[in-house]
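In what follows, subunit A forms one complex with subunit B and a second complex with subunit C.
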Partner chain A sequence: MAANNTPAGINKEQAFGMAETEMEYRVELFNRLTQTCFNKCVDKRYKESELNMGENTCIDRCVSKYWQVNGIIGQMLNAGGQPPM
Partner chain B sequence: MAASNSENDSKNEIPSSSEAEQPQFQAIRMPTMEEIRAQEVWNNCAVRSVVSGVMGGGLGFFMGMFLGALDNPIMQDEMTGRQQFVYNVKQMGRRSLSSAKAFAVMGLVFSAVECVVEKARAKHDTTNTVVAGCVTGGTMSARGGPKAACAGCAGFAAFSVLIEKFFDRHT
Partner chain C sequence: MDKNMLAGLEGLPEEDKIRMSAMIDHLQLRDSLRMYNSLVERCFNDCVDNFTRKTLQKQEETCVMRCAEKFLKHSMRVGLRFAELNSQAATQD
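== the complex of A and B ==
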């Protein structure tokens, strides 16, 4: 998934395909992250239009935890070929 | 306390469409770097508590001055007009300073405790106000013993919740 420098042997179509997959993955990650942390942290009564301090803190922590979990699971999936059942 | 709500409103850019009848919608703007940095500064607990303390000190200063001006000297018949005036001025100065100090400490402690509790819980609730009011009232009346501290805690917590609800309804 994280293909930075494609060697000269791969043709353009393959590179485009990988870039497309990567882009889709990134977009999906962003959308899910914002949705999860918004649903978890922001009070739905919408008493004011600015984020207050509690919500700010909550969003910081939510994003950090989500990113960490994402990294860990990505590493586990990359390392082990078969699921550890 | 009320400071957290009023400062949010002061940075709140209410688009005209929410109040006016005509459907003139403004585009959604992402916050600029200055706005984000200003919010970061305002979210700092030390900054908030110091500003609240200063505001409390100002309020206490004027209140003490007003109350000191109403104070009448004890030996009113024997003093001349000038002596009474000097006495009044001294009373005003003394009372305004002591009142300013008390209110400044009150504002500082309340704001600091509320900020810390809200950051720890990561929630915006009335529980933050209650805890902050209890700690402030308790420290202010701690000299009278544990019973007075409990009474001060409960009284100030109730008072601050009422003030918060009052300000919430009128914004």
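== the complex of A and C ==
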């Protein structure tokens, strides 16, 4: 998501602003990913406090797929022009 | 998650490093509080359905503790995978 078409004269304040936005985006991505994969993979009956092997596998695969979807959407938005910010 | 962010700070002048560090600390604190709230809500929703009493029953308490532990373990695992994918993406750029 790094903007690579900024003008050469970008000032420090803008750079900090972009860095902050980028970090917030990553945190948000992580949080949504965590919530989503928990909902999809973990049994809500909470029979025990450990994650079982099936859940672990599901989580790994869920994260991987979510990441791929994230990439696809990112490419599509880039191709269509700047994402609205 | 914080280590990945700090890795990019090496080349910066001291004052910029301090500013970025403060920004990261702020984001982490905010994120921790958000996580606390969402975890409480999640475990409440999943574990508590009965309002015949105003104190939690034993099984509700157990459920809440398991829910929280499970989510935290899950979150750690996701963090590992996320960091792996992040570093893969970084090397591809």
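The rule we apply is simple: the second predicted complex is superposed on the first by the 75 of 85 C-alpha atoms of A that agree within 3 Å, B and C clash if a C-alpha of one lies under 4 Å from a C-alpha of the other, contacts with A are read in each partner's own complex, and residues count from 1 in each chain.
Following the convention adopted for this analysis, a contact is a pair of C-beta atoms (placed from the backbone, for glycine too) under 8 Å apart; a residue touches a chain by one contact, two chains touch by 3 or more.
Just so you know, these numbers come straight off a predicted model, no measurement behind them.
Of the two partner chains placed by superposition, subunit B and subunit C are both touched by A:E48.
In the superposition on chain A, contact is made by A:E20 with subunit C only, not with subunit B.
In the overlay built on the shared chain, the residue A:N56 is in contact with subunit B and with subunit C.
Applying the stated contact rule after C-alpha superposition, one finds that A:W67 touches subunit C and leaves subunit B untouched. By the touch criterion defined above, A:N31 reaches subunit C but does not reach subunit B. Counting the residues of subunit A touched by each of subunit B and subunit C gives the higher count for C. Residues 41, 47-51, 55-56 of subunit A lie in contact with subunit B in one complex and with subunit C in the other. Residues 41, 43, 47-58, 61 of subunit A touch subunit B in their complex. Partner subunit A is touched in their complex by these residues of subunit C: 1, 5, 16, 19-20, 23-24, 27, 31, 34-35, 38, 46-47, 63, 65-67, 69-71, 73-75, 77-79, 81-82, 85.
On the side of subunit B, the complex with subunit A involves touching residues 4-5, 8-9, 11-14, 39, 43, 115, 118-119, 121-125, 128, 168, 171. In the complex of the two chains, the subunit A residues touching subunit C come out as 12, 16, 19-20, 23-24, 26-27, 30-31, 33-35, 37-38, 41-42, 44, 46-51, 55-56, 59-60, 63-64, 67.
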